[in-house]
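As written, the chain order gives the labels A, B and C, with residue 1 at the start of each chain.
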Amino acid sequence: MLLSVENLKVFFHSDGAVSRAVDGVSYEIRKGETVCLVGESGCGKTVSVLAILGLIPQPPGEISGGKIFFKGKNLLDLDEEEFQKIRGKEISMIFQEPMTSLNPVFTIGDQIEEAITTHDTVEGAEAHRRTIELLADVGIASPEERTKDYPHNLSGGQRQRVMIAMALACKPDLVIADEPTTALDVTIQDQILHLFRELKEKRHMALLYITHNLGVVAEIADRIYVMYAGIIAEVGSVEQIFRNPHHPYTMGLLASLPSRAKKGQSLYSIPGAVPDPAYKPQGCPFNPRCPHVQESCRRTFPEMCDFEDHHFARCPIIFQQRKGS
Amino acid sequence: MLAFIGRSAIQKIITLFFVSIISFLIVHLAPGEPSQIDPLNPKFTQEVLERFRKEFHLDKPLHIQYLYYYRDLLTGKSVSWKDNRPVLKKIYERFKNSLWLFILGTLITWTLSFPVGIHAAIRRGGLYDRSTTFLAYLLISIPGFFFAYMLIIFVVTHFHVPVIGMETFGISSTGWHWFMDRMWHLLLPSILGAAGGIAVLSRYVRNQMLEVESQDYVRTAKAKGLSPDKVHYKHALRNALLPFVTMFGLILPGLIGGSVIIESIFSWPGMGRMAYEAILARNYPVILAVNFISAILVLVGTFISDLLYMVVDPRIRL
Amino acid sequence: MIVMNQNSKPSPAEGGVLEAPKRTLFQENWNLFRKNRLAMAGLVVFVIFFIIAVGGFFLTYGRSPVFDPALVRLQEKLRPPLSKPNLETLKPEELPRLGIYLFGTDDLGRDVFSRMLQGAWVSLTVGFVAVGIAVIIGIILGGIAGYYGSGQISLGHLLASVLVGGGIIGILLGETAVGVLLVLLGAAVAAVLIRMGNSKGKGPIPMGFSVLFFNLFSVDVLITGLIDIMLCFPVFFLILTVVALIPSKIHYIMIVIGLTSWMGSARFIRAEFLSLRELDFVTAAKALGVSDWRIIFRHMVPNAMSPVLVSATIGIASAILIEAGLSFLGFGDASYATWGNILSSGKDFLFDAPWLTFVPGFAVLTVVLAFNLFGEGLRDVLNPKLKERH
């Protein structure tokens, strides 16, 4: 087991209210595995991975509970200096906005070399050579010249490739990609997604991929965690989740995919909206929007139910229906 | 680049032209004439008055006066009405005195504001941040003359040194003693001149730094595993400093600003005092010249800051 | 093997709140504002100052006010604060109303407390009137530049306004005949422009007149140019010059401060209008046939007000400082006691009568500080970007 997040809780304090952005989330990633974290914006995906890298701004954020085991040690016990040795070296991260995630006043060569020299004691020439190699790996044409470019000289897709190269600089065991294609054009999205698949085959790294796009998930994931309002709603392999979803939220998500709509039918959409993380409904957080809602859903928080081989969903109602039939 | 310089130069010259017209109109349309400033003075007989009016073209229509005046100013022939000395020469003498205050004040402002602002931003919400914030507000809000008197009382009663004027009267003009005397006289007005600047600039540095600290690329730098020092002082600071490079251009107008109030309190024979005396005496050539030169400095300053911005920010290429 | 923590139950919401409480924007802003202790202190001081100033106006107003700020008692000059009046040398009506000189007396034996009361009113009105003028000019010019900025100014417009303006200046200078002639000429050009403009498109404009419709520059260029010109003047020096040239009446001083400090508001309003103009609710209002006037004042001004409100609050602080500075230099209105001229009269007695410096000095400091803190607090609350950050 490379990474296992156990019952992580991250709360934000603002204006007297407590936003429970991540409210008891557990997930795991094995070596070389690609895991997708799926959910609508605001469901706590990004916050949960920022916690892994110790990048939650505190205050207003606060890690109120849980453990994050990476290679057997709990990251939450590390001090800042120990954390620095992990960031970029063993776990690295690619952010959503390539346009703003690169520092505008340094050349991209400088920024990648900095990632290398921070963790490896290598000479400047060696770092430069590796930088060029990395840029070539992520599919940047004429990498030698590009190292002297500033971020504003590059297109969005190229910048995201640079971000990827930077994340790979120290051959990390785990790469976290937070919606890396969301801000890009559709055609570029596809290229970047291909790049990810290529890289994960070549480098055998584990990838934690965050997205709200189920189409992307189907292409890249080994296993899927569906998140809703700060909790995990359903876990399973791509097969299991797409063929046989158990949680009403996952069912709703799949039903609203345009590719599943029949001609002449209007597209399905889940009624209602994601609850404010400071004022979540009691019981199951999905209950106000759920077509299968029962009285008990409004009172008790649902248990994680073991449906079949490694396929879990947090919905006892459906669980009883399936077992009953 | 050249096109930008050309366009901007033309724009600034047009602006300057209107500034010259407006300031000319303001002093000339105001009720009363300089020749009437002292009607009781027996020296101002009707005859003298006529000669005075003739000599300074005051009998001509307004637009002719305007042309005469700015021709004289630009050719350096304009003279002060009060003592008949060339205006530019007069300004230059006073400018030399104000320059010391300006240099020391600017040095104090810039060397203090940056460390204070940066540290406040990094430790935002902490005691240091809150106390410097309050101090900054205090410095912005205190009337300059009140602050001046508090400082004078403090320095005079604690250090027993004279602080009024540029130097102690009759002091020998060499040696360590003389130097210290000059420094003491220079220090208070410089601090006073710098006080407001420190408050404004340090707040600005802090806000700028906070703005940058919340940017995505700072998070990227942290995610790379850089030490906090490198994140703050390399990645964030470099970006936060960009706008300040342009401010080098904007301090230029301060050269002639020379605070009227501070120079009056300290009897400092600088530009501000001269302007004040010129206003009291309705000495139009001096008033207009000070106004005109300061407008030029403002315009040149913004021009320099535009240029500097292009030089330092790789994103801007014209 | 995936280990699912079966007990990972989130804590139930405190007090069982299910929904975000419904709050108006004002309540939300007020709640944010209240937490800023410095800004709250500023607000409290501001309210107290306001009450004192208004009270001070009524107590020092009229022929025989409750507190007479102008009553000279030469035998009682430079008495320190809290000192008792000398009952033997004073007539009964000359006694200070409080029985003591709360803040002492000045070099003419005038009661500093009464003078401070009147000065509070003067400071308050100077601040509000000057900023009021500045904001009104700023809204008008900034609004025009932001909303009608793309409108063109033609040669005819320029000609008409130069003629009328020149005529008015001529009349002011005493050249009545020439002035009236110029104004009439200008009016004629304007009339031609309006007539031709109305029939434009219906038929060809006669030769010779078409030159009047030659476009020179846009309204936006005109107004931003004006702002740039005004920013070239050293403000305090300009105010000093004008105040020295005109009769020193407190009303003139307010007007002059207002006329020289509108540039900030104009810029803010212009920038806000430029972005608001593109927003959907304005487009929607236009599509519904709402008049320009109504769009500007119903829909755009309220949305653009927050930066203006902030700069106005801070503007009041700086107007009070400027007035105090002018009074200090002797350019104030001597018929009123102002905090500036109390300080000014105290400068000759710095070591003998420090209260003449410290009482008004601290008063100006406190009030200006309060306005600045209050303004900055407002800025934080009204700035959505900062809201996210905290």
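One rule holds for everything that comes next: a residue touches a chain if its C-beta (ideal position, glycine included) is under 8 Å from a C-beta of that chain, and two chains touch if they have at least 3 such contacts.
From a predicted model like this one, the values you see are computed outputs, not experimental measurements.
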Legend entry - Most remote chain, CA-based centroid, reference being subunit C: A
Legend entry - Central subunit by CA centre of mass proxy: C
Inset, instruction - Starting from the mean Cα coordinates of subunit A and subunit B, work out the distance between those two points in Å. - result: 54
Legend entry - Distance from the mean Cα position of subunit C to that of subunit B, given in whole angstrom: 23
Legend entry - Shared interface positions of subunit A, touching two or more other chains: none
Legend entry - Residues of subunit C that touch subunit B when the two form their complex: 38, 169, 172-173, 225, 228-229, 231-234, 236-238, 240-242, 244-247, 317, 321, 324-325, 328-329, 343, 347, 350-351, 354, 357, 360-362, 364-365, 368-369, 371-373, 376, 389
Legend entry - subunit B residues within the subunit C interface of the complex: 14-16, 18-19, 22-23, 25-27, 29-32, 62, 133-134, 137-138, 140-146, 149-150, 152-153, 210, 214, 253, 256-257, 260-261, 264-265, 275-276, 279-280, 282, 287, 290-291, 294-295, 298-299
Inset, instruction - Mind listing the subunit A positions that touch subunit B in their complex? - result: 53, 55, 59, 80, 84-89, 92-93, 95, 97, 100-106, 114-115, 118-119, 150, 152, 163, 166
Legend entry - In the complex, subunit B residues that touch subunit A: 125, 215-217, 219-228, 235, 238-239, 242, 313-315
